[in-house]
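One chain, chain A, links the two complexes that follow: it is found with chain B in the first and with chain C in the second.
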Partner chain A sequence: MAIEHLDTRPGSERWTAAPPGVRSDVLALLHRVGWVKILLFLLPALLLLAVYLVIPVAMLVVMSFYRSTMFGITRDFSLGNYAHFAGNPMFPYLLLKSIRMALTVTVLSLLVSYPFAYFLARMSGRFKTALLILVMVPFWTSYLIRTMAWLPILGIKGVVNYSLLSLQLVTKPVEVFLFNEFSVILTLVHIYLPYMVVPIFLSLDRLDVRLLEAAGDLGANPLRAFWHVTLPLSMPGVGGGIVMVFIAGFGAYVTPKLLGGSSGIMFGNVLADQYSGTFNWPFGAVLALIMITVVILLLVVASRFTRLDGVFRAQA
Partner chain B sequence: MTGERWRRLFRFYALAVYVFLYVPIAMLVLLSFNDSNAITLPWGGFTLRWYRALTENQSLFVSLKNSVILGLATAALATLIGSLAAFAFRYRFRGQAALMRMILLPLVIPGLTIGVALLLLFHALGVRPGLLTTTLVAHVGFALPYVFVLVSTRLHRFDASLEEAAMDLGADELTTFWQVTFPLIRPGIIGSALFAFTLSFDEFIRTLFTIGNDNTLPIQIWSMLGSMVSPELNAVATLIVVASVGVVVLGEVLRGRDR
Partner chain C sequence: MSEFDLEFRNVTKDFGEVRAVDDVTLQVHRGEFISLLGPSGCGKTTSLRMIAGFERPTRGDIYLDGRSVGDTPPYRRNVNTVFQHYALFPHKHVFDNIAFGLRMRRRPAAAIAERVERMLALVELPGIGGRFPHQLSGGQQQRVALARALINEPTVLLLDEPLGALDLKVRRRMQQELKRIHREVGVTFVYVTHDQEEALTMSDRIAVMNHGRVEQLDTPAAIYERPATRFVAGFIGLTNLLRGVVEGREGGALVVRTADGARLRAEPADAAAPGTTVEVAVRPEKIQMGVEEPRGADNCVEGRVAAFVYQGVVTEYQVELRDGQKVRVIVQNLRETWGSSVVPEGSRVYLHWSRGAGLVLADTGMAHVETGDEDDAVAAPRR
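Moving on to the complex of A and B:
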């Protein structure tokens, strides 16, 4: 995350579309160059999008109808992979379990982040910027390393057990800290917390204090003012954070692989296994498409409640 | 409760969150200096031997070199492509909103599915996986929306009348660009290039499915994680944390000076 969006002047969200009238002169000037130039400017990005997103996803769709046999991949149209998914209770179970885990991560992040973002937004001046940067610094280091960091902490001989033993709170090392759902969820919250803090902070920071004063003048106590003014106005940030954290948690691969053991395994691990272990590419394509579908569904639902432009902006 | 007590409670709470965010990383750094063969506590005294061991790890150096090369190539290409697209968005054209959504969409598609899909594409095309072919495509595609947002923000923040003034005074479009527009958005461009470098340097999952024989640093660490548990890992991790944070701080300093 860059700090570009720290600027919360009223005009700064205007980049989504040039405002009519304001810059009409320069727009008229720019207009002369015509659409050929626009297309030339866009061409590299369009090509990249085609190669990076559009064609690969189309390949997934095609591949999902092929069949994997012992002789390789057979190119006859079949719905067998979808039937395989629906027919084996393990896969739908794993899908639901991953959604549940991602939801848990999202809710926990929200509970931790909201008061924290509220605190940050209430700070003033330079201190506020410094504290916000402190939230984002861990974000600039690889998630692989932030995941790895929990191994020496949660393990049987880890820091937590070492401390518990030294303090004589337990008599033998506790095994429940690592290689299960708990360690995966804890680590995912740790890794993706900034995704939740930053958008909530931005929406709270933008909030016009005069609205709260007005609520107070009209007789609302601070709790009522929070409930009826602050909370509704921070919803775009909350929505953005929920979307970001859920998607990151649901798509996790590294964290459950490294810290999940067998009980903390997630959808992404089984997906990846189709390409590295069992080599069932067509079935893997089905799993990948299901993962993308869940994400798109979430975006569609979320976009009914909040403006997703803000989500995207907060991420960069 | 009074306001003062609330504030104190909040302060304490915020401190706890920072502890949660930083303690694991701090622990990693601390353990990288631990004179013990175990990857964790107890503390066996201060040592630099894990860093010394790193200097003898040839494959680590090779992967570091690969990561730097890839990061530089990604930064250059993503910044160029993303900035051009951001420029195009200053004009109005049909389908603008839809295209914008399309450019930003990769931000929310899980990297794992992108990695797998790219694997299928390159396999079907018969392209052999390679650092500056398949992996570069994956990394530039990954960095594109970030660059686009950063440069767009910059472009829409400066006063367009400066450009008008230059043109009124007789400067042609190219001169206006190099003399007026570019100096104004340069901080955004530098910032996004550094950001793209960091994104590429830390990228793992898209790399995993598109990499050939030339490992990047994260891939090398991943394979080390599978094969050995040694405090050497803590030392590598510490160096990467320092490097990543350093690059971003450098970026902020450069941008701040330009502001």
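Moving on to the complex of A and C:
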């Protein structure tokens, strides 16, 4: 379903003057402001993008064709790194496994976040602010601490096992909680929850309640009003949350390294090892490019279903 | 089947300490166009929201088509609303917006398509079903909102200041449109507005509301010509209030003597006991003004022109009576040159009016008489 606009202001000149479209927006801006000013204003951002995005990615592409030998990196053109990736089934397997884990993290995170964001948006006053701050607090805490915090919870002598033992539900500590896929996924859901909650909350919070009254007035019971009005109008937030959590989860390597054990290892760990362990930068470049490609593909697919720019649009 | 499509029986609505609607009882006939008119905070929108089901009465009961709807949620009421800011679904095409109600009732797709086209034709917007609401002008959005509500064939159509967001020209045209559509579909319209002109020109009957109460419920002409209270007289149109002491009765009228000795006749005859001080209300355009003393006039007072404002169709005079009271008089500029038709400042004039034009009004405790949009009131002549 294509969400064209969240702007519900009637007769808003901005939308009635010209049908919205990226091209006409740009043309209108050009006409009003002029080339030189636009370039001047964009310059800092363009420089930043060039230095930190375009040039590094270009270097990655070049690097991916180099060869790593015992004596360092040899600068010649070779497809050996790509062949190495295709030739060893472990790499495609890990790639698919990471996509699967990131998807699992995303879906679980969505299932937890949507109801929470929904009730947060329906609340008002001090309680709402307090809860919103509670969602944001982990952002200010170190990623490492948030990951490590799960050790004393899930570990053999951890809180969960201690509780199970004292309740005599088990006779010896359960080891399945930690150092596997489960602990990685659980921790990633926890760590990236704000990325999902906040965009969904924002899209629900600016939802015009009069639209829900209108739906009820036209015969929609609360459930159908949610399905036909609330849900579609919150899709930009959902899409934004999905993209952010998936990208973050897909690229995770610290959490799987600390809590994943051997079965919880992800693609990001292999990639990181090429740089910090085996010093095979050219092969690392190949792995990095593959990750970037997967993410770009995801963005293309996601943008077909929702308008992602809606996530960042100012409140209507 | 009830004779009334809509009935309020002693309906009261409190929001915490605030009483928004205070013991309102009214009946709306089938197919009637009724307006709830009043200043902001008078309870008109709350009344509308109670009919729609968005609010529940604190006390009393609302009947739709003879059935009490106290606990019926909005989606089970056969009532539809045109919202103040239209509340069109921004993510749905015009077609899907209008079809929404029928889809909720799970009507077959072919029937829906046909009905939507008919509604688009009714509101004179054929062929725009594929557009999004934000691609329409305010007036067009208004029509879509109307079509979206009417397609469900509601018992009562509720309109919450539907023209408030439109500019004056479009608003005038939409007033005509609404009247035409009301005639064509024959549905009962309940129209909330704070615009007295809108209420007067469009309604079959008007309920003038103030502080949660209905001050008067009557036809536009009766509301204007025979306002029941000082609030109604002041809110709708302009009115002069002349203070005097009741002398007695004379042939079905109350006789009131002003401070400068003039004897005024006012209705109703039993409004006040002799000896009490009352105020006689007279509309400025009911007063005739002349430089010579008229013979045999029911009511006549003498004064001096203090100021005048020439307004094209009319000239509005400010006349100061001998006892200091000021009277507003609106005189139509019937002659062809204004220079000869105007009465200059300082002129001695006689004001006279027929006996039915003077009213003694019930005071509902509102010191509110000069309210109402004064510019509007003078600019728009009304019958």
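Methods note: the second predicted complex is superposed on the first by the 258 of 316 C-alpha atoms of A that agree within 3 Å, B and C clash if a C-alpha of one lies under 4 Å from a C-alpha of the other, contacts with A are read in each partner's own complex, and residues count from 1 in each chain.
Following the convention adopted for this analysis, a residue touches a chain if its C-beta (ideal position, glycine included) is under 8 Å from a C-beta of that chain, and two chains touch if they have at least 3 such contacts.
Since we're looking at a predicted model, the values are computed, not measured.
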| item | value |
| --- | --- |
| Which of chain B and chain C A:Leu49 touches, first, second, both or neither | first |
| Winner by number of chain A residues touched, once chain B and chain C are compared | B |
| Partner chain in contact with A:Asp217 - chain B first, chain C second, else both or neither | second |
| Contact residues of chain A, present in both the chain B and the chain C interface | 3-5, 7, 11-12, 15-16 |
| Touching residues (chain side chain A, partner chain C) in the complex | 1, 3-12, 15-16, 19-20, 208, 210-211, 213-221, 224-225, 228-229, 232-233 |
| Residues of chain A touching chain B in the complex | 2-5, 7, 11-12, 14-18, 23, 25-27, 29-31, 33, 35, 38, 41-42, 44-45, 48-49, 51-53, 55-57, 59-60, 63, 112, 115-116, 118-120, 122, 131, 134-135, 137-138, 140-146, 148-153, 155, 157-159, 162, 190, 193, 243-244, 247, 250-251, 253-254, 258, 268, 271-272, 275, 281, 284-285, 288, 291-292, 295, 299, 311-313, 315-316 |
| Complex contact set, residues of chain C against chain A | 52-54, 73-76, 79-81, 83, 85-91, 100-101, 104-105, 132-138, 141, 148-149, 152, 165-166 |
| Chain B residues touching chain A - in the complex, by the definition given at the top | 10-11, 13-14, 17-18, 20-22, 24-25, 27-28, 31, 38-42, 80-82, 84-85, 87-88, 90-93, 96-97, 99-100, 102-114, 116-121, 124, 137-138, 140-142, 144-146, 148-150, 152-157, 160-161, 163-164, 167, 173, 188, 191-192, 195, 198, 201-202, 204-205, 209, 218, 221-222, 225, 233-234, 237, 240-241, 244-245, 247-248, 251-252 |
